[in-house]
Structure formats: C-alpha cells, structure tokens
Amino acid sequence: MKGTKVIRLKEEVQLNNPVFLVGLPGVGHVGKLVAEHLIEELDAEKIIEIYSHHFPPQVLVDENSEIDMVNNEMYVCKTEKHDILALIGDHQSSSTEGHYKLCTLYLDIAREFGVQRIYTLGGFPTGQLTYSEEVLGAVNNPEMIEELKEYGVNFKENEPGGGIVGASGLMLGLSKFRNIDAACLMGLTSGYLVDPKSAQSLLKVICKIFDVEIDEGPLEERAKEMEKIVARLKEVEQQQQGIPEASVRDEDLRYIG
Amino acid sequence: MKGTKVIRLKEEVQLNNPVFLVGLPGVGHVGKLVAEHLIEELDAEKIIEIYSHHFPPQVLVDENSEIDMVNNEMYVCKTEKHDILALIGDHQSSSTEGHYKLCTLYLDIAREFGVQRIYTLGGFPTGQLTYSEEVLGAVNNPEMIEELKEYGVNFKENEPGGGIVGASGLMLGLSKFRNIDAACLMGLTSGYLVDPKSAQSLLKVICKIFDVEIDEGPLEERAKEMEKIVARLKEVEQQQQGIPEASVRDEDLRYIG
Amino acid sequence: MKGTKVIRLKEEVQLNNPVFLVGLPGVGHVGKLVAEHLIEELDAEKIIEIYSHHFPPQVLVDENSEIDMVNNEMYVCKTEKHDILALIGDHQSSSTEGHYKLCTLYLDIAREFGVQRIYTLGGFPTGQLTYSEEVLGAVNNPEMIEELKEYGVNFKENEPGGGIVGASGLMLGLSKFRNIDAACLMGLTSGYLVDPKSAQSLLKVICKIFDVEIDEGPLEERAKEMEKIVARLKEVEQQQQGIPEASVRDEDLRYIG
Amino acid sequence: MKGTKVIRLKEEVQLNNPVFLVGLPGVGHVGKLVAEHLIEELDAEKIIEIYSHHFPPQVLVDENSEIDMVNNEMYVCKTEKHDILALIGDHQSSSTEGHYKLCTLYLDIAREFGVQRIYTLGGFPTGQLTYSEEVLGAVNNPEMIEELKEYGVNFKENEPGGGIVGASGLMLGLSKFRNIDAACLMGLTSGYLVDPKSAQSLLKVICKIFDVEIDEGPLEERAKEMEKIVARLKEVEQQQQGIPEASVRDEDLRYIG
C-alpha cells in the first residue's frame, strides 16, 4: 500500500485458533488500556510494525530520549484457547481515507493469519462522572449476541446513538464484507478522562471471552489515582453544574495518560 | 471508481419512465425525510448500496445492535406514471473531491437506467422559527420552471443567495453537462432543527409531480413533536432575542433526528 | 488535468499583443470588482469556462432561478493597445494542491495565447476603515517597477508583510519559472468589507496601463452605498475601539457583495 | 516526486565529511533562527531550492518588492571539521502527507551527498516566560547521547512529553530506517514568541559540535529587543495571571519575526 510500510519482525508466524483484538486510542482510551495491559500481562511478542503517511507526522520520545515514529503494532498473545493477534498504537489515522486504507490493511493481515473472529475495544461516552461497570456491545452479525451476553456484554437498541467512529467501528463494517464475525466491546466511561476503571470492567469481560486470568493490579492502581481526580472534579461539578474541562489540571492528566 | 464500491442487490433492473430523486441529509434534513418517507410508503425495493472512502469512517448501530457501514442507497419506487429511482443515505461525502466523484457516479448509474429527469430535495434556511408552507425551486434548464410552478413550486431571483451546497446543487450542475433536466426543490425551514413539517410541504409538491397519494401520518406525528420543541424555543427566543443553539437539549434532538 | 474540465466556447482564438489579467475573489473583493467591471464595460467575450473538483461542491442561482456550477472563466477584452485575457470567478480553489494545479493550468492557457505580461489584481488589507487611494505593487521581475511607478503604482519594502496568498501571488511565482513578467496590483482596503472604492483606485491604474477609458459609474454607485455602511461602522468603532465584525448586518453585506 | 520541483543551482557538489542540519520554522522559530544565522555567518552557498504543492499557495515579498515562492532551500557551509548541508525555509508542509513526502525527499538528497549524521533544530515549549539556557536533546540512536552530553545537551526521560511534531521529529524517525544517526536539539523557549535568546543558547551548542566560532552579535541584538517585549509581557502577566496572547502588539512581532 502506497505511503504505508509493514515491517515483519518475525518470519513464518503460525497462529493457533487466532482471534484479532483491536485496542487503539479512542474515548477514554479504554480500548488502548485493555489491549496494552493484556500484551503486558500475557508476555506477548511483537511481530509487526506498521508505519504510514496517514499517521500524524510526529515522533514520540521514550524514557531513554530515543524517538519512535508514530505507528501501529501487532503482538501475539498465546493463551490456551486462542492465539490473540493484538493491534495497538498511539494514534489512529489522521485522515478519513487513511482510516479506510489502514483498516483494510489490518484485515488483510488478519486474514493472512486465518482470523475468524474480531473484537474491537473502545469506550462508550456517557457524559457523566458516575462509574458504571457496564460493557456495551455492537456486532456485525447478530448471531454473536447470545454468546457475548453470556460473557456479560449488554446490548441496547441503536446504541451508541452516534454510531461508532474510527477503527473500532470501521473494522466491524469492513469485515462484514468478508464474512468475518466482529464485535465492538465498549466500557462505559465519562468521555472526559482516560479511564482505567472502565478498562478494568472491559478487561473482566475479555478475560471471560478468552478464558484467561489477568492480574488487574496495574490498572487498579491507575484507577485509584484517577478516582481521586474524579472526586475533585465532582466537587467542582456540584458547585458549577457541569464539567469545566479546563479545571482538569495538566499535570494530573499527564500523570495518568 | 477507486475507493468506492457499488453493490447491486438485483440483476437486470428495467425502469419504466424513470425519474431520479435525491434525498440526502442537509438543511433541516428536509430532503432526507421526504425521500425516506416515500420509500417507506411506496414499498420501495433497495437495488444498490454504495460504500466509499469519501464517507466518514464510521458505522451506525441498528435496533438489533448490528452495525451498518455509512453508505448511500438507491431504491426503486414503482408508481403509475414513473419508476422513481430514489437515493438516500445518512451522510454526504466528507471531502470536496468526494462530492464531485460520488455525484458523477450517481449520474452514471442514473443514466444507465435511462433517467431523463432529476429532482434533488433539500431545505432552504430562513433563520426564522416561523413556519412557512413554501417550496422554493432552482433548475438547470429554465424550460422546467412553468411546469414546476403548476405543481406549487415558487421561484425567486438569485435564491438561495448563498447557492446550493453539496449533492443537491452539484447534481444539477453536473447533469447540465449531460443535458439532463434537473430541479432542486427546497422546503423552507429555520435551519436550526430537523424539520418534518417542512418535509410535509415538500412531500405535497412531490405527490403532485409524481401523481401519487402518500399517507402523511408518520411525518405529521414527528411534526407535532417538533412543534412542541419549537414552541419552547420560541419562548426562549422571546426572552433572549436570538436562538441559543445550546438550549436545544440533546435528548430532544435524538428523539426527533 | 484530472478532475478539471476546460470548455472552449470559441475555436481558434488569436490574440493581439495579449496581456493576462487575473481578478479572482480575495481581500475586499477588489480584484474581482475591477476585472468584472472591465469585462462589462469593454464588451468582453467569454471564450473559456473552467470547472474543477478543486472548487467548492456548490452551484450558484441566477436571476432566472437557473443554476451555474462554481467555475472560473476567461474573457477577451479588445483594446487598441492590447487584447486582454481576463480571468474571473466566484471562488478560488478550496485546497492547497488545487491552487497550484489551477494556476499552472491558467498559465498553460495564457502561454498558448502568447501572453508575455500578467497582472493579478487584489486588495491589500490595512485593518483601518480610513480610505486611501494608494495602489501597491509586487513583481516577479524588478525591471517592471519603474514602468509601473509611472502608472501610479507604489512599491514598499517587504509589503505585504504576510506575503500574497492564493492565485494572485502564486501566478507571479509560477510565471517566474517561465520567464513571464508578472505584477500583482493591490488596492488598499480595510479588509473587512467588499470595497468598490478601492476598486475604483485600482481601476484608474489599470486604465493607464492599458491606455483605455472606462466609465466608473457602476463602481461609483456601489462605493457610495458602501460609504454609508462604513460611516455607520466608524460610529460603532468610536464607541467600542475596534471593529466588531458581527455588527455588520447581513442584509448590508448581501446588498453590496 | 509529483508536485515537487528540485532546482539544483550548482552541478557536481562534493561534500567533505558532510553533516545535515535542519532549521525549519517551529516552536519559537528557534531552529530557523540558528540555521539562518549559521548560513549568514559562515558565508554559505545556496545549492538547492525545493518547491512543492505541499507548501502553502503563497509568495513572499522581499525588500525590492520582488516576490519569491514559498520554498525550502539547502545551503553548504564549509567548516574545518565538516561541510554542513543546511536546510532552511519559511514554511513546513501544510499537509500530513506532504510532511512525510518532503522529509523523505530531504533524506534522499542528504544520502546522495553521503550524509552520515543529522541534526534537526527546534524549540521546546515551557509555557513560561522565564529564560533558561538549557538545550534538550532526543536521538534516534542512544549511542549518540554520551557524545552530545559533552557538548552541553541535556536529556530527560520522555521529554518532550507530546513528542516532536513536524520535520524536526520526522527526520529522526525516517532516518532511523536508513541507519543514519540523527538528533533533535531543542532550545527551551516560552512557546509564545519568536525567541532569539533561546537561539543563542542553541547556537552555543552547535558551535561546540561543529567546532566553529560564530559571531552572536545579530542574535544578541534581536534578543535584546525581545527582552524588552518579554519584560512588558511579564508585567501584564503579574497583573493578570496568565499570558494574554492578544496583548503582544502586531508591530512588535513583525519587528522581531
């Protein structure tokens, strides 16, 4: 694909009963937090890096002052039931066309590994700082619904009302054309802040689906820090009726983000 | 066309005295409401789905929590006088170039069916919450004007003053190059809200043009709900001189939209 | 050029000592007003229409309710000294790339007619409502300066400080590569309003350059209407120190624009 | 490269121990100021001009009222230790894709000259008007860090936190694929104003790296003018707690910029 480079870090990868898991940045960074946590806890192996003109023209700086170009990456997490092909990254495409092209590329790679089921992870914005453990689902094939309900996923008519924007939605749409079952799983979240607590709820569902046990410790810690900030925000809200975005201090967000 | 996929749901469609009707989202969603209502009431058959990189990278969620990719669709409504090829959709192109490309594609399909007359439906923004039954017209061939006046369409010099933006206008311009007569019919509407009442006025004109009778019931109901909201807005307006956009509560709009 | 259509309304046009005059919309619409006025008063003949995906996806509605696609047009104005090839239009390109592509196309056409001199017309924004008769110039070849000074054009170091944006500037830059002399002539204008008075000043210079006499009547009339509005704006300014853009009522601008 | 033109002003340029220095506009224009100052003081020779559809459609006007198209330019500064290939310009790409394409082009040219080391210059925004002499670094190869520390460059974990946007960052990322060592050197600066004082600090480091002596006079003068403005801004800040962007008068900025 023109303007996009796929770097394979390992030759001849064979996946066993593969499932594709997509955790890119989005509402509350819920999907990203869950996918990154899984990769960490399951000692996943990075097998692919994807660079593209459709990502922002930017590099990130790591703890050693070394830069990394903005990219998306695929990892393999081996579990008893499935080999999970996990897609993470710091950015989604910055153009409309790029969203379509990159999602098509991701599906091509997933098909190459024989993926027959896709889960995209995201957040569902409620506009409220009250915590809810709910995980909402949407599918590209209604036959998946009963199974997912058993794992604790809720389904609501026409929700999210505004549709699902970006890779989380588009992957479902594009894989429908290829007859690959795909579901988007969304942790409920305020939509104002990075939300590790919502990520914990979503992680619980994911663990049931994949039949794995994952230490929630790190998410738990981040969630606790976040709770303090939310408590402060709620105080402000009580006084002011409405959430003043500007009142979230930069250092707080940097700490959590 | 690169990045665009046309899915034909039915082979060898033959249309009798075909007319092309375009009802995409726009000012007050007037055109969309009318076209969707016609399709519903005339038991139209969907024959084509169009997917494109030029639509927003997004899926919509239906009442069964099943997603659908953003697309545009063509239906056939059979009436005594005409077979109506109706184009509807939830979005127009999100890029300038996409507008031109998609409208050209739509015209190619229309020509393939032998269409010799095009009506694009839209809203004409008045900036006022006062209701008017007027339907305004613009044409790509002045010879159409007398005929359309008989159906109750008004014509005013240089109106709309800002031109007609998007598919409703562009289809007229592009079909002029192909010598296909085309008119844009616009229901007068505030421009602030989805307007089923204006859609009713436009529907009346359309029924005369196509010589059909259509039950206005569903539009009527939605119009009544809307009237209540407009009444509330007018109260606010009286107090504040001007319409505060933010005062329209989200749940109201979701209910109507 | 892909996505762009050039319609030639007349075959085998031969121009005598041709000069290319560019009057597209811009600051105060000064350049557009002058070029349109010239075309009107010199009974110019339209020879070319240019349609492009780079223009906004929009049609304009004329006094007969007939639509016209947004385009740019070329006219020939015959004078004793020169045949003037004049470019006008309601819009410039809506994309960066389109600006470069369309200006290159315009230069290709100009070269085809043997054009050896280009004048682009525009406005120079002063940010002040005080009228000044000054016309400022910039060139792509300093040898033009002395000649233009004789016609009443002023030159100031590094002015306009922010450069010249859009076709008026780009035509100078691109024609420099082809060794075609080009100057941008700018009437001083507030930058807040359509400015027929500044257009009059610029027209005077143009008449000297082309050695023609043009009736300024229509511009004069529009200038008078504008003066009334400016007077009102100045009152507001005195009270408020600074020009409140919103205080220009819509109907005023529509009247003038 | 389509839509981009590389003009070589000199044939068969051979560079001795070449280093590539990138000083394009960015935060505080620190990188641009340093690179332009070096070019001036080292009597550099311009060897390449790059024009592109990816730059804004605009021309700049010089002291003789002659226009120049927006471009990027490469100079050669000959020093005892190195021949410095310096890239400067008034603008970076105005599109995401253009950033990638132009940076790739710049690297192609650098490779052609045998460049094995790249320094990109920029500013690091602190959000504070307090002056700091610090120069921060980021690298695409951690082996460079020790050497750069000796020249006075500081390195901090994950800083800048928001990554490095534009050519300064992208050049590091893209050259990593080609195994060319590259560092981004950033003068600390408020981020609100053109900052010749920060440029002086960065210049000191550059002089050590290249083992040259450069007269700081002109930067010093501009820095002094700037200090007066900063002093004024600080007064305002003390009164208002926060920097009111609008309070920087236009003529001040034009004077310095």
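Brief remarks follow.
Labels for the chains are A, B, C and D, by order of writing; each one numbers its residues from 1.
Note that a residue touches a chain if its C-beta (ideal position, glycine included) is under 8 Å from a C-beta of that chain, and two chains touch if they have at least 3 such contacts.
Keep in mind it's a predicted model, so treat the numbers as computed, not measured.
Shared contact partners of chain C and chain D are absent; no chain touches both. When every chain is reduced to the mean of its CA atoms, the largest separation from chain A belongs to C. Shared numbers divided by all numbers used gives the overlap of an interface; between chain A and chain D this overlap falls below half, so the copies present different residues.
Here the spacing of chain B and chain C, counted between their Cα centres, is 37 Å.
Look at where the CA atoms of chain B average out and do the same for chain D: the two points lie 52 Å apart. Along chain B, no residue makes contact with two or more other chains.
Put simply, chain A touches chain B in their complex at residues 93, 96-97, 99-101, 103, 137-142, 145, 155-161, 163-167, 169-170, 172-174, 176, 184. Across the interface of their complex, chain B is touched by residues 3, 53-54, 56-70, 94-95, 254 of chain C.
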